[in-house]
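Next up: the structures, one after another.
After this come two complexes, each holding subunit A, first together with subunit B and then together with subunit C.
Up next, the complex of A and B:
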């Protein structure tokens, strides 16, 4: 790779000595090129980029700049000296600064004369660089007055500028890292951003981090796919024709684990409809989502991260609102924005595998289980908690889910991850909502605990409770679901049976 | 269960209690320290009587706000309710006679409810909101009273001594404290309030109407402050102070935090506030009778507040709701 501008070789990084965030990654960027880096959340994209700009030091690996070996930068300023700068996903813009102030933020000391900022000089230079980079905006308006896509462009201009100012010579081609720049933009703004980027390519190279497959395919020259900290695929769009499906499979296709479920919980669906979604739409997230959910059925919403699957389930839970469409539960039409407590009254429970969100870690197990089941343990005449009933309820759940704990009074933070998750599920087992939403129910827990949770979920299904599943693990869909809706770019592409689904994802 | 001999000397229950409530150690330490330093003046009947009097006053003011602190918010309006309530009693006296005292209760509940509604709907920090309200009430009090203390008589019966040596305010405060602890420990409301303080998002996701219970917390706080102010009305002179005293604002806060309710909420509560209030009064009296300069009391109270905030924040993880 002689023509490479920047290359990393064999970069590895672990956190806490256990989690392999990056494992032997080698990749390069040439001059005037947009290199896509894709992968799911947690695949290591951001860690890699943070190493490049000096936020983290790597454990192993080498960095080459224009073919010469150089040490890894220790902070963003040093990275800028080597030509590397980053535009973060969000919160990069300071709304109440004017464009020129924002462009030179952090470099003011270069424009100080007799301890006074030379604002005229800054304004002029700002205008020059904006024109050079084809950013169409005035240097003296406030950042928040600009449309989102222009704000992004100003951020990119700022990154290029900081490279120039730090490296001290205009000859260094800046390498700009764009961390999911299109997140908050709508379709039109995206297109605008990309046409500007193609223009800017003449002056810089880009690492473009994204999980939106179509845009990566359309606008990047090459793409690297990361999965679980490993580089799993490289595609060069100028050499071969790559389909979206290929990219998709590379991104999500996990190595098949040894885990084979003994639990068989499909085929329990009855004919009674419990929930109907009709043309649910929230602009920028999902469009025209239509499906029925029957009693005792589990429907999976599957897609890559960023496809809108989590937004759909969060909408049903009442955490987000929808803009158009209809949501009917047990014959009752739901309002577009209702808080989770209203939805729970109508029979929808939401379970997230993120124990930090779900559990009260400084509480004992029994409180964590009892607090959504208050009605069952309050006295008949006075609204007073029956502590005996509360303990018995918790003990029953602990036994049922095989939670390993010295007693039900143990605080949850001292439990292992799997046991925490079981406590989380346990409260819903006791509550028995009509519809249970599962948002990554077994994230980050071991096989044994998973098996226990699946078993309990199957019991719940048998009793007629229906579920909607969103997960990062394709395997989970094939175990739990009767039907799987394949969602991409916020739209349902296909509805698959578990067998078809297995073929598509290759497990 | 096998335990090392070192642990057998002290029963496990006591070890556990001390671990969870380090304020007990502080209480013992402060008590022993001042007993040794000033055996005559500290260990006197008069001193204990004063400690008890202060303790009751402080507890009645701190018990309501400690419910709010459990949810992770802050309520400083208690002094405002007490001040404005006093002047409203004076204003109502000619019309309603002795029943006027209940205007304080009404004011407390209304204030709490309004704070709760504003705080949850406008989503502004409760500290600033209640502080502004306190200042507003202070101004209103000064305006209505014309700048003079307005003594009201006739409520002496509330604090008439019933049992020798035991202040009647103590008798009154026992059922109030018990009710506060009962609500927090044994009812759905209490459980939900702890839930909100411990993990608001989690409570929301689990289907709790967070806004409703936050409003309820402020209303309860106002209610308890109102009841407390009624009891203390004659006890504290039966008239309205026109000047705002910072001590009356800060001390209940110290009692709450010192007792072990972290300002982030989620644990602690009224039962701890009692301990905190008692410890604070012992500490305060000790410093008061010492030869230190009177102003150093303020200094030490300030430092005590800082230290107890740090300790209670650090202890958050290892502390259960007891």
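Up next, the complex of A and C:
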């Protein structure tokens, strides 16, 4: 720890005294290095970083700055005084500000003279710092005119600037936390960003949070792997050669691998085709996507973030439109710009694991379940909701999915994440669409709830419902899918069997 | 554990938007009764019913719009336009003027909905614009004169006494009950709550969100028109100036009942309480000869106060 710039020791954090978000974490950043922090959703990456910038206080732990013990910051301003600043994943940029205005946002009070803003001084300083940090842009253009990667760089420059302005001395090396900075970028922009970052390393240290393994391996000096709030592995790329597979294994862990072999469906070739995609294209997102989906089959669309997999599934759901190609469901050709409700009528249901996206949080469970199953609970003679039938339907689903709740009248707000997700799945179990699209169905929920959901989805598969899966979790593909299409840069590269897939990702 | 006091406080907090208006109604009643013993005598009740019933009809329509998280500024002007159409053309058309007036209002409701659903104009702006257009049409048609309605058959719509109460009361109650039924027991109502509660969620179900929003605005237009017909029938005349100060009390009555401007919460069943609060205060103040100025001030404060009390602060409001 002697040469470390910033170090944390034994940091723990629990939420509500139950969930161990962080358990005894110790790590450090040295001068001029990029430290990768990787892990699944909910592994604790963001919590750790929020503790560093003073958003949350830790329950336990110590913070060292240049070897000296210091208290944890209580707010972002205090963190900036110690040299720590963060660039958030998104929503960081204000498009209608000019670059120099954005750079000094929140620090204008330091540039006021006779109650007038000294814009010339700001512009000059902005140009200086942009040059110093090798950000290639004009200080007087609007943010939205810049390419995404440059916008990110300006954000990083702003973080470094805020450290300098707050700490007051030039000697402090800024420690910048980058929270999944490459999310919205395409491959070229990514490479651009990284070559700029390597330049910036001369002036700062970085914590680089990501779940995209190749970029972490390529651009960071060291990497810490978090899983379920624990530090499970540390790798130093200067000392050892680390394969992507090693990282993958460390991130994903092996806990529920025994589940993998539970579900298998054979003999699909003889089944009828439910959905056909032919040369589906939307420029800038995906190109020439062609595949068949058979009755009772689950096809996975796998690929790194930004590969176009989410766009493909959202196109089939009707959230996005396609430009070229053909989409045929049950022999019926679909229009390119149909909305989700039309697709649902034709038998395509869309289930997203994003909390609150399709769930009505202020509604009780029973209304959530009945909402897409309205036809089943209407009276015989009049289109009037039969409350009794509605309650019975919900009770059946609650039992089937083992949803933990005092009653079906409980508002979904008060359910845990896993149980919320089960309610979302439950309504599709009842609806039984011909095709169910799964968009990250178990994102951010615990293993127990996951397995319950997998079990129900497998049951649905057996009954002939076919599915398309997109997920951030490779395990999920090997559990649910019969075929996995590997997508990169918007094109299908390879179609893998589950066994081949497991070998490729190493699980 | 001593959960009881905590529990009851919790219950009160959760049901504040229901308990609040009821307590308020009782308080209003007691105060006015003390000041003016005739407040709840037969004559007082009749005048209360007259000021309340048509109001309730219009408020029910507005409630549906607010439940979807939108707003309809055009309710008072459509009410006025419908009333004026009736009085202006009753001689030419006879009672056929009623369906005509309703149709016109439904049409404007459709336009409101179209602006929102197809062109994504915020409903505040779209309906404000439409209401000004409607205002202009009303002014043009009536030429600013006071118009007298002397068709007996038309007037009997509101003023026939059944079991001691004027027929407008039964209209109001009937529409109110139908609205409740529509909101709570039909897919239409469920979808209305859904659109207001979680727009994306509604779009991902089998709800045609754009069409539903148009339907809701058409319903609001229809009920505004009906309220206008009833209003004209009970008042027996009016000029383009009528309903000028109806807007704020109308909006206040919906929120006072507990339908949050964020959408997805509340419903027409609650609007009755809001209408009672507003119209009773109005009537009480009129009896005490309290001027319009103080009245407007009061309703404005009630509207803002209830918005604060009912709004779902976990969500964004601007729509």
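The criterion applied here is as follows: the second predicted complex is superposed on the first by the 290 of 507 C-alpha atoms of A that agree within 3 Å, B and C clash if a C-alpha of one lies under 4 Å from a C-alpha of the other, contacts with A are read in each partner's own complex, and residues count from 1 in each chain.
Definition applied: contacts are C-beta pairs under 8 Å (C-beta built on N, C-alpha and C of every residue); 3 or more make two chains touch, one makes a residue touch a chain.
Every value quoted in this text rests on a predicted model; they were computed, and no experiment measured them.
Once the two complexes are overlaid on the shared chain, A:111 sits clear of subunit B and of subunit C alike. Set against each other, subunit B and subunit C touch different numbers of residues in subunit A, with B touching more. After overlaying the two complexes on the shared chain, residue contacts for A:411 are found with subunit B alone; subunit C is out of touch. In the superposed model, A:385 lies in contact with both subunit B and subunit C.
Looking at the shared chain after the overlay, A:350 reaches both subunit B and subunit C.
Touch criterion met: A:364 reaches subunit B, while subunit C stays clear of it. Shared interface residues of subunit A, touching subunit B in one complex and subunit C in the other, are 317, 319, 339-341, 344-345, 350, 352, 356-363, 367, 371-372, 374, 378, 383-385.
Only residues 182, 185-188, 191-192, 194-195, 198-199, 201-202, 204-210, 266-267, 316-317, 319-321 of subunit B touch subunit A when the two sit together in their complex.
On the subunit A side of its complex with subunit C, the touching residues are 317, 319, 339-341, 344-345, 350, 352, 356-363, 367, 371-372, 374, 378, 383-385. Contacts from subunit A toward subunit B in the complex involve residues 317, 319, 339-345, 349-350, 352, 356-364, 367, 370-372, 374, 378, 383-385, 387, 411, 413, 427. Subunit C makes touch with subunit A in their complex at residues 185-187, 190, 193-194, 197-198, 200-201, 203-209, 264-265, 312.
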